[in-house]
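Read through the structures below before going on.
Look for chain A in each of the two complexes below; its partner is chain B in the first and chain C in the second.
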Partner chain A sequence: MLELGAQFIPFEPDRSAHDGNITRNFFDCSSQRICTMRNNGALGLTSKSLQNDKITNVRTKDRGEPSTVKFSSDGRLCAMQRTPNTADIIFLEKTENSLCLELTVSTKSKEPLLAVEWVTNNQLLLVNNHSAELLYINEDKKSSKVIKTTNVNAAWAIYYAPCQLLLIANGQSCSNLQPLVVAHSQFTRMKNFEVDFGGSISKENFLEKDAAIATIYGKVYVMVFRYSNRSATMLDLYELPFDATTVPSFKHSLILGFNGGCGIHVIDNLVIVHHQSSQKSLIFDIRVSSPSKSHSPLVTTTIEPHPQHQPPPAVYTNFWFTFLPEVVIDSSGGVMYSLRLKNEKAQLEIAEKHTMLEFLARRKNEKKLFVSTLLSCLRARALSLRQIRKVFAMLSGAGKAEKSENPSENGTASATKAVMSCEKYASLTVTQQEMQSSVLIPLRFIMSSFSRTSASWNFLNFKFQEDLSLPESYVANVMLQYLRSLFDAEITPEAYLIEMVVETLAEAGEMSKLQQIVTYRVINDSKPLAFLLLSYEARCATLFQSGVDILARNKASDEIVEVMLEKKQIVDAFRFIDVRNLNDALIPKVVEAANHHCSRQTRYAIKEHLTEKKAKGIFFLNFKKFSSLYKSIGDDLYTEAEIQEANVEQSNCTLFEI
Partner chain B sequence: MDVEVPGGSEAVGGGTDTGSESSFKVSQVEIEDVEENLKNAEAIFEHLEQLPFQVFILSEFGKPIFVNNDRNEGEVVSLAALICAFVSRCQSWGDSLMTMTSQDNHIQFLHKSPLIFCVVSKYPEQLDQQLEVLFEQICSILSKSQLESVYKKKGDNYDLRKLLRGTDRLIDSSISSWRASPINLVDSSISAIPMNPSDREFLSTTMATSLGAAKLDGALFGIMIAKRQIAAIVRFKKYIIHPRDLNILINLVSDTTLQTDSQNWVPICLPRFNDTGFFYAYISYPWCNKEQDVPACLVLLSVKRDHFDGLKEVRQQIVSKLENNSKFFVNFSQAVKAPNLYQISQIGSNSESLWSFLYLNHSSRQVCMSASKIPLITRPERWTARCEMRRSSSLSTQHPHLRTLFVRGTKHCLFVWVTDLFSLYCIFGPFVTATIAFQIVEKLLKSLKSHEQRYFIINTTSF
Partner chain C sequence: MESIANPLYFFSNLSLNPPSCSNVVRFIDVLEFFFVAHPMSGRKEGEEHRRVLYFHPKGEQFERQTEITGFAEAVVNFTENFLSTSRRETSVKLNENDDGFDFRTVSTQRTEHVYIRTEDDQFILGVSISKQLSLVSDYPLFQPAIRSILSDAYKMFRMFFGSFSSFLRTIPDDIPKFKERLDFFYSKYIPLLKVHKMPLLDHLGGVEFLRMSGPLYLNVVSLITELREEFPIIEKILFLYQDKLLYYQLSKRDLPSLFRYLTHNLLPTTLAPELEHSGRNASKGRYLRGPTDLTTDAPLLGDEALSVVHLHSEQESEDQMELIGYQMMVYRCLNATVCMFVRNTGEASRRSSESSQSSSTRSSPPQNGVVSRRLLRNIDHFLETELALVASKIGDEVGDEKFPDATDFHYIYFNPSSLSMTSSLSTSPSLSVAASGSGSTSKVPLPPVDVNRLVCDTMSNFVSETEEFGECFVKSSSDWWIVIKKVNSRLLVLILPPSSYTSSLADVQSKTATIVKSHFEAIFFS
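Up next is the complex of A and B:
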């Protein structure tokens, strides 16, 4: 599931040649650049990054071997620490005799520096044991100026550039961590907190290498290795709040289950821990629900090199260095790789389909994969209805949950101001349209009735239609679950979705369910829906009434009359006109229908009724129209002979039976 | 006791007997014929399905006695056995089988020892009463006591058809008069011929005085019947005759074979009056086949066998008295030839939407029905209306608390009003509202009340 080197960049590996030429490489976590220094810069300083192709190639004075090299984010300045107490600013774009100009800065107290970091393109952060200073570097004047100083007590410090966060360790065993936000030329202290690193006699102090900072699902976590003699190592995650008043808290504990050298990556909100000796990588997803704060690895896998590397490079070697978020540096081969998740393999790696789908839904830019996987799971009927409901609820509810989260965030912001910000996590949203076009409609296509009825489809898919055809009721249930999830999320279902649900329910023969969702107004009334229901009358007679009810609620009286006439309920149609006092213009239509379909008896009744209406003066058709209408019914419905015969039979009590 | 059976002779009886025996033998000897029989039975079942109704009468021992629709009883032997098995099985459980219903076939059973009656019909209403009427019809020919004793005397396997020979026609017409007569729609009722009150008065007093003057001990009733309706009825002292018995008489006199100017002397048992003994009916059509052709029939009932001559004289007297009153006789002939039924237009204006009605007086069990009116003209049109009334009638017997009912149908509206005094069944046009229907009905009742003596026999004159 992990692929090495989809992106890579080669560099010159470390070398101490006998001719006295030394090559050293440095990786700047903040700018994600690798810097190769030959003879301490005298023979050249080259910096490259995976993100862009810009390669800086300059020469500097050889003023000793640097211990750190840091680039400003615009790549114009470089900070280098050649002595413990000072830092040198290299102006990469200003040269003199092909050598870069330099400027040496230090803290006021001139004490050894613990950290040198670029906060902005021209602000440099220096941290020593007692203070943190923010310097302004004027590139033009080649001067520096202290902007802000704050007193800290630091054993070591790490800087997390994405959030401009400085984490300072102090206290007896360095386990008290003090986060500081360096923003707007200010230091903002956040609440300090104690971490448990499993301290013991053999391991007295909490070390810089055991801590890391990462952004996972829109929250900033401090990750701390906790060692234990008895049990295996854990990776504890402490959540840093965004404001300065809340104390950071212990949130998750990842069970690594091994001891020994390992490297951490955080890729796409997943924590990945590589274990060198067992050559395994553990992938943790803290969103996978867990009964306690402890998480077991979701996937245990091995890194595979990208096929473009031939021969494939060795993995998990001693020469590997890993840097957050996804950088792997092979120091012996001189290649910087990026590590990539291959989510399409999740289907194979995660057995539990529901977990796998949720996992995919949380990945960035994997909507297509998620949707196709969802479809194949539904197709294979790999999910229980309950699980389907959960998945749908996640998809539909995501937008709503975020919305409800945001105001609360704003609410806390008004009370306690956020001092830190980080990359927001956007959960996957699948619109109804996408859902319909890529999941529900394909499902309908392989519904058994569909493959039965559609000859062309039969022809095309003759082979797999046998094993793949789904029962209609299953498809209908899936759709109902989707509809339900929309309702739970208070999203108005689109008309086309409802139409499809109704059609599918009808095809599945789930008439009672259809009846219920109509009767209880689960789906909104609409004329098209009404007509759809009317068309299902043959399958379920009561649906006809539901359809007419909808029309009645929509005050679509004319349509109701039409429907009745269509159903040859001519008398009812006429009664309806009477009751509703409808437009007289409908009456000729009724009479015409009666002339076509009705018995003589009914036509006579209608004729009499017209006469009566006329007599009462509640009939507004003009005389000409009326008489033509009257005539159309026919004057001689009953012949004199018939009437005479009936009269005789009736008075003689003639016996007859039909 | 020997019974005089109208029509039939021993010789014919022997012939049918051997016929049935030979068919019996054939089915026993030749096995292939079993299948043939089965096919035959299937064909019969199919045929039964298509009929509006089918009646079976059989003995308790499964011997078919009567089937209607011009079928030979022999054809339905297997079916008769089935019916018999059903009934006796239920009887062995200490229960009695009443009815079986499939989708649109309703089967009603009636077990009146020693006979079993069964009817299969598409119309479920009043089937039980239908069977009772049939039983009474058979009783009227044989009397109940005879019926019970005949099997004891002649053995279980006795073929009752020998005794009923020639009366199939009567049973048939009884069935059709019950099912098809517009009068019998509501329970057992009779209808009076509409007549001027004074004419009816004259007719009944003439009949009463003539019968009274003859001083025949045992002559109990005199009835004038025409067109299945009663013109007048007189009785001896407090004796009364039940409408069902009257219907048996009407059924008898409507038999066309009797309608000559001859006189008939027919023994008849009226089971509601006394189901063990016989009346002797003197039946004559005094103005039949003469130049007048007045279709009236005079029935005089006596319990004595030797009253023929006495009643003949009474008849002569009545006829001459009636003919002598020429004014009456003209009116009477007119009323009897073409009974002038109640016209709905008599109600008054705005009654157009009332198409047909049937009024039943509960105490006298007399009905008054409306004359035919557009649009209920053809037989199917009238039949549908009738069925509607029949259904609502059985509905109101099933649900005695049901007093008024207004149903808006697609073809017409139905209005039913049942009180202790009367039942009224109305067919209205489809566009009438309940309020208007009720207004019309109130007017109708008022009008009927004012013409009561014309359409009903209010007092039965006694002698």
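Up next is the complex of A and C:
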């Protein structure tokens, strides 16, 4: 699942040649640049980074071998520590005799420096045992000025550039950590905290190399290796709060299960620990639910080189140096690589489908992969409905949860001001349209591909020859679960989704279920839906009722009249028109239907009714039209023969009376 | 006896006397006689009394029993001659549609008789109501209601013991066994049967659904679907909250009987222990009936055996009368009740072997049912959390819902296609009062007996059973108004007490329109 070197950049490896030329390489964690110095800069200083192609190539004076090299983020300045007590600023873009200009700075007390870091493009942070100082570097005047000083007690210090966070270790055995935020030309002290590093007689002090800082799922963690004589090493995660009043707390513990040299990467919110001797990499996802704070590795895998490297480089060698977040430097080969997650392999590596889907959903920019994996899981029926519900809830509810989280965050912020900020974690949201077009509709196609083996579906590229036994009821249940997730997240489902649910239920023959769902108005009212339900009347009589109800709720009186006429409820249609005072334009239709279907008595009654209405002057209809209508119902009430017969009978009667 | 004691525990705890002011009447108070007869058994001269399988009252003389059943048979056979073929066809059709029975009624000066024929006209069930007694008890006689009561009595027996003919299909000397069962069942059923003073309610025989919002309802549906996916062995399912139905997956033909049994018999008996234990472990679900100890794997025997009910297969089209035995599990948690039905394989094997050999298995309890403690345990485990979650959500919503403002009228609403029925004249007094404390939501007094009678008469005389639409306004001599509306086969009966607002027909019409608008808004009642 891990791939080495999709991005890479070669550099000149360290060497001490016999001709006296020395090459040394330095990696600057903050700016993520590798810096190659030949003869301490006299023969050249080259810096490269994986992120951009800009290569700096300058020459400096040879003033001894530096111990650290740091670049400002705009790449114009470089800080170099050549002596323990001072740092030299190299102005990379100001040269004299093709050599860069320099400026030497130091702390007031001139004590040995523990850290030299660029906070901004022109602010340099210097830390020694007793103080941390912020210097302003004026590039034009080539001068420096102390902006801020604070007293600290430091055994060692590490700086985390993304959050402008300085972590200082002090106390006995150096296990008391003091975080400081360096922002707005200010030092802000946060609550200090004690870490457990498994100290013992053989290992008295907590060391700089056993600590690291990373941002995981929108929270900043200090990662600490905890060694133990009895059990294997653990990696403990302490969460740093954003405000200055909360004490950082122990949150997670990753079970490494081995001892010995290892390297850490944090890629896409996953903690990856490489173990050199076993040549394995453990991938941890702290979001995978765990009954306790301990996490076992989600995936154990081996790094594979990207195919573009031929021959493939050796992995997990002694020459490897790993740097957060994702940098691997092969010092012997002289290549800086980036490490990449191959999420598409997750299906093979994570057996439990539900965990795997959640894992994919949490990855950055993997929506396409997630959606297609979800579809294939559903097709294979690899998830139980309960798990499907949870996955859907995650997708639909994600946006809402975020929203509900943010106000509370703001709420605490108003009480206790946030002094630190970090990259926010945005959880995956899949919109209804995306869900429909890439999961639900394909599912329906698969379901119906049995009955409708139309070639027109082939454009969807499904392998139809696979096992296709996907029952309709399963698809319907999946859709209902999705619908539920939308309701739970208080998202209004789209009409199209509702129609699809209804159709699928009907196709699954779950008429009883459909009827109950419709009766309880799980689905929103819409006219097309009403007509859809009406069309199912033959299969489930109650749905007809529900359909008419929806029409009534939508005040679709005209349609109701039509439906009634269709059902030959002519008199009731008439009554309905009267009660609702509907448009007279409907009356001709009713009359026409009456002529076709009604008995003579009914037609007579209707005629009388119309006459009465006319007498009352209720009609607004144009009179001509009405008279023709009136004629149409009156005219063929009796046939000529009948009238004649009646006349004969009447004359007979009168005759008889006489 | 031990074998059949199982399904019948339900008649135990109920009080025998209905409250004096209630709107129900004990059936026994108006009943003259009730019988089950099998005419084929009494064909031989001198052995006519053999056709009597069950007779109430028990003390009645043999001769009279024979006479009454003979009369019934005679009436049935005699009137058969006058049934036109078309009528016969429609009656057959009726049978197919809603399990209706061929029936005869005889009205005498003193009594009202109803006979129904069941199972290919092999059996006659008869009932006679005394006009005198019904007058005393304020019970309006409504012949269709009596017919429904009689059919219900038959269906209830059939639900627990299977069809009558399944007893006779076996060797003849099983008849004493059959008689014993009938006696066992009906001598408890009849005395405890209560009928409503508004006979229309008994006649319609619907079930009451709980009103609920759509999104929450979907939770119920998905819970049931998940349960069925997890336990495919469960074939039919019923979900109740308090005494109202929410969701069902079984044949509609079984729904009224089953619902009636659950709400009238099974659930009330469990209410008392629930109230006692309220407080501790309130949200913990449990099984009603069946074993209490689920930790062992001992077979389910004797008292711990689950009851078996005979239900129709769900495919309405295939084999109409086929009844299949199901073991019933009832799980209850926070007022929500889930009834699960698992096909009784013991029953099935018995049925398959039935044709070849006698089935003595009937007498032995269904020990070989598929439901084991393990299954019960697993289901318990599954439902424990989810059901409590859904039930408490429902509880929140039902609790939040304001009780509808006390109405100033009485109503009966019935939808024959969904069997949904609600009425302000509560149908299950035993539970609703105790469970919800709502009692009657109407502030008007119960309508007097003459109004009830008038409602029934209006129904039978002015409202056609087959028409889907209809409307009727009636004013009683005591100034009550009765409005019957039938729209799209739904029935709405409004009973308006005398008041100054309802002096004219126009007033009543506008009042009706207001009621429909305010209380039945979601439904199409033009």
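Basically, the second predicted complex is superposed on the first by the 584 of 658 C-alpha atoms of A that agree within 3 Å, B and C clash if a C-alpha of one lies under 4 Å from a C-alpha of the other, contacts with A are read in each partner's own complex, and residues count from 1 in each chain.
As a convention for this text, a contact is a pair of C-beta atoms (placed from the backbone, for glycine too) under 8 Å apart; a residue touches a chain by one contact, two chains touch by 3 or more.
Quick caveat, the model's predicted, so the values are computed rather than measured.
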item	value
Which of chain B and chain C A:N652 touches, first, second, both or neither	first
Which of chain B and chain C A:T68 touches, first, second, both or neither	neither
Partner chain in contact with A:T83 - chain B first, chain C second, else both or neither	neither
Partner chain in contact with A:T246 - chain B first, chain C second, else both or neither	neither
Partner chain in contact with A:S526 - chain B first, chain C second, else both or neither	neither
Partner chain in contact with A:D488 - chain B first, chain C second, else both or neither	second
Contacts of A:N259 with chain B and chain C, given as first, second, both or neither	neither
First (chain B), second (chain C), both or neither touched by A:L551	second
Touched partner set for A:N39, first chain B, second chain C, both or neither	neither
Chain C-contacting residues of chain A that also contact chain B	569, 571-572, 575
Residue ranges of chain A touching chain B (in the complex, touch as defined)	569, 571-572, 574-575, 578, 599-602, 604-606, 608-609, 612, 637-638, 642-643, 646-653, 655-658
Chain C contact footprint on chain A (complex, rising order)	384-386, 389, 477, 480-481, 483-484, 487-488, 512-513, 515-517, 519-523, 541-542, 544-545, 548-549, 551-553, 560, 567, 569, 571-572, 575-576, 579-580
Chain C residues within the chain A interface of the complex	209, 212-215, 217-219, 221-222, 225-226, 229-230, 247-249, 252, 415, 417-418, 420, 468-469, 471, 488-490, 521-524, 526
Touch list for chain B against partner chain A, complex	52, 176-177, 179-183, 191, 227-229, 338-341, 352-353, 369, 371-372, 374-383, 408, 410-412, 429-431
